[in-house]
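As written, the chains take the letters A, B, C and D, and residue 1 is the first residue of each chain.
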Amino acid sequence: MPLTAEAQGVFTITVTPFHPDGRLDVESVDRMVDFYLRCGVTGLTILGIMGEAPKLEMNESLAFIKQVVSRAGGIPIVVGVSSPGFAAMRALARGAMDIGAAGVMIAPQPSLRTDDQIVTYFGQAVEAIGTDIPWVLQDYPLTLGVMMTPKVIRQIVTNHPSCVMLKHEDWPGLEKISAVRGFEADGSMRHISILCGNGGLFLDFELARGADGAMTGYAFSDMLVDLVKLHQAGKKNEAHDLFDAHLPLIRYEQQQGIGLAVRKYVLQKRGAILSDAQRKPASSLSAKARAEVDFLLQRLSKRDPRATM
Amino acid sequence: MPLTAEAQGVFTITVTPFHPDGRLDVESVDRMVDFYLRCGVTGLTILGIMGEAPKLEMNESLAFIKQVVSRAGGIPIVVGVSSPGFAAMRALARGAMDIGAAGVMIAPQPSLRTDDQIVTYFGQAVEAIGTDIPWVLQDYPLTLGVMMTPKVIRQIVTNHPSCVMLKHEDWPGLEKISAVRGFEADGSMRHISILCGNGGLFLDFELARGADGAMTGYAFSDMLVDLVKLHQAGKKNEAHDLFDAHLPLIRYEQQQGIGLAVRKYVLQKRGAILSDAQRKPASSLSAKARAEVDFLLQRLSKRDPRATM
Amino acid sequence: MPLTAEAQGVFTITVTPFHPDGRLDVESVDRMVDFYLRCGVTGLTILGIMGEAPKLEMNESLAFIKQVVSRAGGIPIVVGVSSPGFAAMRALARGAMDIGAAGVMIAPQPSLRTDDQIVTYFGQAVEAIGTDIPWVLQDYPLTLGVMMTPKVIRQIVTNHPSCVMLKHEDWPGLEKISAVRGFEADGSMRHISILCGNGGLFLDFELARGADGAMTGYAFSDMLVDLVKLHQAGKKNEAHDLFDAHLPLIRYEQQQGIGLAVRKYVLQKRGAILSDAQRKPASSLSAKARAEVDFLLQRLSKRDPRATM
Amino acid sequence: MPLTAEAQGVFTITVTPFHPDGRLDVESVDRMVDFYLRCGVTGLTILGIMGEAPKLEMNESLAFIKQVVSRAGGIPIVVGVSSPGFAAMRALARGAMDIGAAGVMIAPQPSLRTDDQIVTYFGQAVEAIGTDIPWVLQDYPLTLGVMMTPKVIRQIVTNHPSCVMLKHEDWPGLEKISAVRGFEADGSMRHISILCGNGGLFLDFELARGADGAMTGYAFSDMLVDLVKLHQAGKKNEAHDLFDAHLPLIRYEQQQGIGLAVRKYVLQKRGAILSDAQRKPASSLSAKARAEVDFLLQRLSKRDPRATM
């Protein structure tokens, strides 16, 4: 079931579970997939930036994809295939699709600067992976340093029918969603799905601006699922109440560098993975930071019982 | 009354008020200073990055400093003097001190990379402005791209007795506060004041890590003042309750690029300035963004009456 | 006599002479202008990046402009007015033109990324300085990090009739000259002057690609003048012979960071300035580096008597 | 025969030969190795930045290493193993050594900023590949954006006995060679080999500053070999004469972006490879650029018969 431009809901950016000694934690892969299924997510995005993708060898990546696809019971799996080289990108993309992925996600290389360079890059990427693979355009200037204007996104979408989704994580980015949706409204661009990242930090307003959901890995995917439902049901204040209850933790998890350590720590506490270990080079939490997260969870538990541990 | 390493509380990063046609809004300068005094702030920091400093000519800067100092009734005024050149930095710093400023703030130039380059830069800056001017070291990697380790900060502080304060806005930065305070605890560095920026986004925990207060311009300086007091009184949960109520707006205001537009819009609504105009090049808020801020203020007003407008 | 799109020849990027104690060296300003006039240059560009412009205060800049204009006997003087803020840019530009400058030069701010941001920036700059001032678009990605495609240059030139010249120092940049001249040939862009920077490192081929001359500060401006003449006379091999003789030194002077120290050292040896001092923060030459330059000059003197000292 | 700190001479950074359709050109690999052996090089460095390494899949890389090692008749082969992830770095490094490589080369990841981050990174890299593999520290700030001071290099060398060589291509970099050699002279650092890159643009002086030779891919490796010999024989002026004859082409080849296209074009003309094709994304030469290279070769042929074609 290939990914389409009609996708919506929550595609969790999953972590990749490791043992403390750095080996892939195969048992936790199943456990994690089961956890996300219980959260009610629409799909999973694996091997993203927060999935420690560059730390895996190709054969490990393929084994991980295979296990997730097998366990996920048919929900769509998107695989991050960003790479400094097109040969590796192609190999991983074709391999992932052969295994049963629904699509792939591609981020621009950090060296790209001009509009033309960016448009050309994605042309080369699509030529490399093949025009038959549905793919997600990742727009993440804060980390990648590449700035795509709405016009550049429109050009890429227009050039490539296989581009079906924008992973939106520009910051600030609310106006960008409005601009892209405006292109659809004025007929200058076909419709694509927009799912938002940035740890969910602006998801409350991103949905109202026209996003179809979230593609982020905040450790409470179940809350994100509920938030999208509340939004779709028009329950604006309930949606904001739920979001605001989580915002202190969302904000804490969104810190660059240590965000993944926070996320894995909470996922471990929630039973989604057995260890919060990262493969090297790893970030980690100090005792003070862990206590701060515990404190935030304890406060959150008074407003959302899911945070009770 | 020169700035010292014992400074604490809230030093608001003020905006610079302009008329819609770009002229300095002299009337609003007094209005704004009065507003901040009513907020109970300990000091003011003017001509910072969010003060549109590079848009002013030297004579305008000096006139603005003079007016603020005159109106501020003796609370310490810190003046941002960062500049691509030391001649301009010196001229502004000496001019500001002559007028009655309590100290100056210096950020590193964006081109600096190695530890030695950074340490050398501040050596040259202190030589330029003179060793008699108390100054604040601004550490703001997200915007400036210059990363100072705690060891580099220690070196700078040790080299320069006139460095009395760290404006901390690394992100993530909680561990950096702990590291710097650790140097003081182990006797390897003298005490300095640490005030935190980053729009206040982590102030709840920064205080617990050892910060002495805030140096940021979030439009509710009065809330920041209360937050510091609650922290000092050991009322941890009350402090977090107050902070969490404001977090949705703090987060919204903290967006790079449009953050200043949000801040001026709220300050105008609160009566602190007559116009939210920025001198060109200016960022601005779309109708949707203004409605989002209004919505956040309305929700906030239910938990903090100061947000009622 | 305002700068026009028909400008050609050599506009030397002058240094700014200082005494060893950091004061402007007024006597050397006249000496330097006289030297460049003897070199046969067409014009002078002052207060460029290699002119230590950010180290001067506004009143110093204006005094320096005035002295150069007075001494230069009517040849066109271009003044670098790049600035983080438009107020300072406007003040310097209007001041320079009032004094008798022929035009100004504007570089993009390093933070600019997308095509639209760059085009918008120059729109704001022109609005700030006024549409009546002829100006030079500086394209220097190696130092500024801003990449302008030929299409962006065309857009800026088309938007602003007052833009009369491109200071070309992209690297590599030969194809860019061909592309811009191609726009003129196909009628999609009006003619502008193109003068090349980059220390002259590719001037041999840049002229053949369609450049009108050089805007660089290599310490042998007289050689650059001859090179342009040989090119215009169609003496290709003589031009390359002359260029190749100087290339070892051109290459040595083109090193980022210490290039200015090399340039001032040679200019001092040639009698153009009394001291090779830079205002702080200054780069300097080690004894080994000075010996290397002396060695290069000695070797050069066998092929070009101007290098005999 | 593992790489040692006594290595000297010329280690050519080889290209990777491709067919125009993007397949590895196996026939040209042998042809190229034979060519470099005829040039008299001391060793070869494969899969460097100019070897299009990120464009190869792991199995292609291993096959290429194997073929080069087999053909090279025992001269040391260094393999570039830089990678965004340590798993891939380890796999390639161990694989290369198993095949018979003499050592590996590691560049820092572009995101590294502070001294401590850089030192830590190489600690993790050595832990990943194992302490038994001799390795070359690549210092290339112009392309990578990572600045290592001499002190940082000393720290890395001191931490890791397996670090035996510095590939020096800082720019400007002459003082860095002197500084590192100064550390050896004052006893604060053990001796390592220093081979210089940067396309050879400063090799004339780098040797005199204390470099042991070149590690670059300029298309006339035979000239580099002769240059090192002339230097070692104390024939300073002959060395400079030879170098200066090649400098116009060295300079032309050193252009970022298109440099590899120039290099492959010349290598093809010299018969070292059958095609100058690059795997996508590829840079290429315009007709004008090819004519310029031809012109430079023709001029060079009058001073060095090796350039006659």
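The definition used in the following text is that a contact is a pair of C-beta atoms (placed from the backbone, for glycine too) under 8 Å apart; a residue touches a chain by one contact, two chains touch by 3 or more.
None of these values were measured; they are calculated from a predicted model.
Undergrad: Treat touching chains as neighbours: how many steps, at the fewest, connect subunit B to subunit D?
TA: 1
Undergrad: Same residues or different residues where subunit A meets subunit B? The copies count as same if more than half of the interface numbers are shared.
TA: Same residues, largely: of all residue numbers at this interface, over half are found in both copies.
Undergrad: Mind checking the centre-to-centre distance between subunit A and subunit D? Centres are C-alpha means, answer in whole Å.
TA: Result: the chain centres lie 38 Å from each other.
Undergrad: When the C-alpha atoms of subunit C and subunit D are each averaged to a single point, how far apart are the two points in Å?
TA: 34
Undergrad: Can you list the subunit A residues in contact with two or more other chains?
TA: In subunit A, no residue touches at least two other chains, as defined above.
Undergrad: Would you pull the subunit B residues touching subunit C in the complex into a rising list?
TA: That would be residues 53-58, 60, 83-88, 91, 110, 120-121, 124, 127-128, 279-281 of subunit B.
Undergrad: Can you list the residues on subunit A that touch subunit B in the complex?
TA: Result: residues 171-172, 174-175, 178, 201-202, 204-205, 208-209, 237, 240, 243-244, 247-248, 251-252, 255-259, 286, 288-289, 292, 299 of subunit A touch subunit B.
Undergrad: Enumerate the contact residues on subunit A facing subunit C in the complex.
TA: For this pair, the touching residues of subunit A are 113-117, 147-149, 151-152.
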